[in-house]
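Okay, got some structures for you below.
Next come two complexes built around chain A: one with chain B, the other with chain C.
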Partner chain A sequence: MLLSVVANRVAMALLTLAGVAVIVFILLRVVPGDPVAMMISPGAGPADIAALKAHYGLDASIPVQFWIWIKGVVTGDFGTSITLHLPVTEVLASRLPATLELAFLALLVAVVLGGAIAVAGTLMRRTFGETIIDSLNSIMLAVPDFIWALALVLLFAVAIPILPLTGRIDPDLAEGFTTRFYLIESILTGRFAVAGDILSHMIMPTLALALPLAAVIVRLLKQSLKEAMLQDYVLLARIKGFRELRLVLQEALRNAVGPTLALTGVQFTFLIGGTVIVERIFAYPGIGNLAIDAVINRDFPLIQGLVLLFGLIFILVNIGTDLTVAALNPRLRHA
Partner chain B sequence: MFNLSRRQALAAGGGLIGSLLVPQRFARAAVGSTLNIAYNVNLPSFDPQVGPSSVNPTIQGIYRSIFDQYVGQKPNLAFEPGLLTGWGWNDDKTKVWMDVREGVVWHDGTPFTPEDVVWSIQREAKPDGGNPVSFVWASIDNFNIDGKRITADVKQFMPDLFKWMAFLTGYVLPKAYFEKVGPEGFEKKPVGTGPYMVDAYEGNAYLRLKANPKYWGGKPAFETVVFKFVPDATSRVAEIESGKSDVTLEVPYEEYDRLKNKAGLKGECKPISDIGMIFITNGGVMDDKNVRLAMCHSVDKATIIKKLLRGYGVPIDTLQAPDYEAYDPSIKVPYDPALATKLLAASGYSKDKPVKFTIQTTRGFKPKDYEMVQAIVGMWRNVGIDANIEIYEIAKHFELRMSHKLAPAAFYNWGNAIGDPSTSTGHAMFSKSPHSGWHSDDLDAMIGPLWGEKDEKKRIEGWKKVDRYIAEQGYVLPLLQYEQPILYKSDLKVIPNKTGALQPATLISKA
Partner chain C sequence: MEHWSPTSTTSSAPAEPKPPSTARRLLGDPKVVVAGGFILLLIVLAVFAPLIAPQDPLAQNLLAATLPPIGFPDAEAGFLLGTDGLGRDVLSRVIFGARISLTVAFVAAGLACLIGSLLGLLAGFLRGWVDALISRLVDVWMAFPPVLLSILLVAILGTGVHSVIAAIVVIDWTRFCRVVRTETMGQAQMDYVVAARTIGFSRRAILFREILPNVMPVLIALLTLEMGIAVVVEAILSFVGLSVSSDTPTWGGMIAEGRQIVHEAWWVLGAPLAALFATVVAFNQLGDGLARSLDPVLRR
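This part shows the complex of A and B:
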């Protein structure tokens, strides 16, 4: 049974990715703008244009171009980036770790911060404290990630310049890494000063991504907790004399967290999408920043690879969310 | 339950806000042996000969730090020896000769030779090699090397050939090293002869360069240069204002004015070889000369520059900026709305019965591009032109231009770092160029012979005549020459470069 479920999910994932591949391939060639038009010199003639198109494989018909590309994709060859002159798989592999570290750190911050504020709001329910929390949370909900990014830039890079503004690491410390997971590797290898530098670079982009998600978590989790606090099992625990904090954390939370987790998984995909703008603002070298340049330069192979990669990430996040929610709620395991 | 009273909440909030309002004074550290530049674009590729990066004008400052060009260029656009110490044609312009600089070594210590020059030109000349201007390099062939002198046959005479050697893709690469490591290997570990060597690189993040101790032009002022790739203008402003970077460029003019006199900072904002213009596409209402001339005479360029660009710009009436070789100050297209109204009336148009067409423009690509077009449309409306604004992005502009499908009027920019009229008026107005907006036989007849004109004086005069004719016919609407704002720490000295290329090796030093 489990095997059939897994097989089903994998089949659906492959079908989704195939559809995404077709759509992005066709759209890129239909939408105005191609890389040759952008780089062709003013004095070039039709022969020069044709030669460049042939050089980049853009002279064949769309079905033929697609067939050539998809044959490579199934063998792991996504082609060569027109602007970077490097294999697309290599480029994506070099940039993805930066985005993954940023996204997961932002998720962790959002969950911890959102959870803590939701718990605090529940503990302060029906007091002025809850009103303040709800008001601040409303502001957080209304402000998108890129506005947070700009506000953080003004605050921590200009007004109180205590944090580095751009990049992922001080260039002088960026040596001796085996992988591109700089943060994880520096922690695991005990290079804590380097890890500290990386974290200092990540604070602002992480907060920019985390705060909107944290606001969503606060809104939903606080509501769920308040409902859970009215249940009979909590009343029983209160009669037994347990403290309010324990009631919230150990009685109400495990029953209230389900819907929040499911929504967090969905919102996490939006967070990953938000890395595009945030990475650009902070000059953070992840796939988001790469995507902007790829689109501006109409780097077809790179755009195609990025879209498939984002598609795969979203699919994996959704699967992970479903599994997590099922693990916490036995009633869903057989759904 | 926890209780937070109103009094406690207000006190905490007031304290936080108060602490943030207290001005924070942080010393802006003096520049040491490392120069940090908050650069406005990313460097996608280290190959300056092929691909889109090779023709990106904004990346040339980085390429010139790592590689040398065949021919060098001074900040005032004048040419000087580069890896070639001398060059020219024979008397009948059927052959070229080039003298190669001696005593130069590549960053890997191997000697630079004339074979590197020949190989580089041949690589760039291959039609399927990915060089966007291969037609330039393919104009000479059959190379012969005799000592330090290279000679070659001219297959097609190009009067601006040696200027292209200081322009886009005009860089020399190491033959032996490149053939050994291949294009991918070269991307991962590039080698040049330039004043700086690549030390570390992370795409979309930074490029760290170390001074080349054996550079033929002398050791540069800074031991280390770090280009931080910061495409976002707000972040670049923050970088220079916080002191995290020592130099930045291409910030909004409002921010430039705010920061240039701030303690610890200085600024330079000078004209560069980049102009803003409105392409006019032949066909429809644009075939009416009165309409075209009315468009030109009703735009108050000086006011647009003063009000929208804070005075940073130079109004122009031809596609030649004042520093270009064929600039003729006597060609004027004065702001004369009365004349514009009269011209339109002669064609049956008026404010009540305006001539209508679409004007395309970018938004956010050049400083206040959309706002300028809005102002122009407003000026046009006052004389009897009703233009509808359509926003397009850069990629669409190029595609439409290449297929000659731009709207009747289309705003864009035009760079010309070598200042030669063929690379501005020529390629923008000759119908066989994939980048021209106006196509007409009369103009082609004037331009055509100039491509191969061997008498330089006659060639320049010819281009001046073309510009005058274009102005008289209203075939294009030149607007302004852009100025490039540069902000830097006050213990530095920065020499603005008219090409717009910020070159740390030669143009930035300690004050």
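This part shows the complex of A and C:
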């Protein structure tokens, strides 16, 4: 049952992705301004421009260009980046790990932080502490990652200058890696000094991405916990003499976590979208930062590859969320 | 003293006090008053910027570059929030920057609201293939990271306020469409709609005279929230260098400059960032307060 639902969703998602690909492909080509115009030197004549266009295959008609591109995509060839002169797949493969590490670390921080604050707020029900949490959180909910990132820059650049402001790793340490997952690899191979350096680079971008999500988690989870704490099974456990913390963690949390989990999945896609601007602010070498450069330079093959990659990530996150929610909720498992 | 009459007994019955008017309820909500007051102040600053700003926001003076705000050593009178790398007055630039931010907030959010809610009303009321088509469109739209999409759109449309507004409308109409569709579907089931149908109201009359007023509270709150989002999107696009040309002061443009010289002159980043923060929080709190005060269910 569940399998057919997932298969249906995957088919739908792939269809959506195909539609997005077509729209972006055509839009990029029908509007004025092309990558060749961006790179020619002022003295270039029409012959030079035509030669360059032919070199990048931009002289063919749009349907022909699309046919060539889509034939390549099916075989895993996304073309060659016009500005970087490298295969698009190679560029994406070298940049994606940085973004994945950042996004998942931010998700982890958001869930832990948001969960802890929600539980603390539930334990402080009807006290001044809860009022403080609620009013702070209502402001936090309004603040997007862009503002957090720059506020952190201000804080750590001026007030407490202890963190590196840009990059992913100290260039002197970025050697001897076999994969591009620097953080995971350095931890697994026991190079903790290197891992520490990477983490010090990741603290600010991670917090900027995690804090808005944490605020959303706090609001919803706290509301669900509040309702769960009024249920009979919590009352029963209380009569049995369980302590308050155990009531919240063992009894209420398990039943309250469902809606929060579903929402976290949706919000995680927003977080991934947020990497675009946050990576830019911290000059972090991921696909988000790459995307802004690709768009500004009109690097068609790279933009197309990035759009498909972002779309694919969104789809995978959505399916992953659905499966996790279903796995944790026995009522949905058979739906 | 008291003239007894049947009407006075019924009207002064203790069980049913007359509910306060909407305006009174809004003014009684500190959130709405403070946030709304701030937005009003911002509008006044933006409209009368040439009269209020202490300096010309474009006047460069390299001899007075990166002066700190008043109260710090080396500050100079006349530059309350200091100067930037080209010696331009930061306070005046923040005041003029509010013009672009608010223009984008009102125009972009208004247009997105208009288009999104119209499609949402139609989808929720007509159902059938109209609903299927619109909902599918919304799904395709949402499969995109909004920041990437907005940068892509502005790169395609070319830089400038018009492109920024167009990008926000093209991306964010879905927010209104989804909520209004759900809300309309709920309202269409209500007895008053069935009654209006029975009386023989036309479909257009039912949709715009009966359902729309009841969807309005949600719409107004959503519109206010969207204005906060639009201000941030404009700032992001200016930050990346895709909004208006650099000789018009914008908060995002100032933030980008300030980010470069944050070690030498933190106030060039701090001042516009504080303005952006306050504006976003104000729109958000106002939207929250409006939703609470206008929603007949939440109101209780």
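What we mean here is this: the second predicted complex is superposed on the first by the 323 of 335 C-alpha atoms of A that agree within 3 Å, B and C clash if a C-alpha of one lies under 4 Å from a C-alpha of the other, contacts with A are read in each partner's own complex, and residues count from 1 in each chain.
As a convention for this text, contacts are C-beta pairs under 8 Å (C-beta built on N, C-alpha and C of every residue); 3 or more make two chains touch, one makes a residue touch a chain.
Keep in mind the model is a prediction, meaning the values are calculated, not measured.
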With the two complexes superposed on chain A, say which partner A:T127 touches: chain B (first), chain C (second), both, or neither. first
Pick one for A:V24: touches chain B only (first), chain C only (second), both, or neither. second
Is A:L150 contacted by the first partner chain B, the second partner chain C, both or neither? both
Looking at A:A54 after the superposition, I want to know if it touches chain B, chain C, both of them or none. Which is it: first, second, both, neither? first
Regarding the shared-chain residue A:R298, is it in contact with chain B (first), chain C (second), both, or neither? both
After lining up the shared chain so the two structures overlap, which partner does A:I281 touch, if you call chain B first and chain C second: first, second, both or neither? both
Per residue count on chain A, the busier partner among chain B and chain C is B
Check whether A:G320 is in contact with chain B, with chain C, with both or with neither, and answer first, second, both or neither. neither
Between chain B (first) and chain C (second), which, if any, makes contact with A:I160: first, second, both or neither? first
Considering only touches as defined above, state whether A:G176 meets chain B (first), chain C (second), both or neither. neither
Would you mind listing the overlap between the chain B footprint and the chain C footprint on chain A? 33, 150, 153-154, 157-158, 165, 280-281, 292, 296, 298
In their complex, what parts of chain C are in touch with chain A? 139-140, 143-148, 151-152, 155-158, 228-229, 232, 235-236, 239-242, 255, 259, 262-263, 266, 269-270, 273, 276-277, 280-281, 283-285, 288
Considering only the defined contacts, which chain B positions touch chain A in the complex? 1-6, 9, 20, 24, 26, 38, 42, 44-45, 47, 50-55, 127-130, 132-136, 168, 183-184, 187, 200, 202-206, 208, 226, 228-232, 234-235, 238-239, 241-244, 392-396, 398-402, 422-423, 426-428, 432-435
Residue numbers of chain A touching chain C in their complex, please. 13, 16-17, 19-20, 24, 27-28, 31, 33, 138-139, 141-144, 146-147, 150-151, 153-154, 157-158, 165, 269-270, 272-274, 276-277, 280-281, 288, 291-292, 295-296, 298, 303, 306-307, 310-311, 314-315
Can you list the chain A residues touching chain B in their complex? 32-35, 37-45, 47-49, 51-52, 54-56, 81-87, 91, 94-95, 120, 123-129, 132, 150, 153-155, 157-161, 164-168, 171, 174-175, 244, 279-286, 289-290, 292-293, 296-299
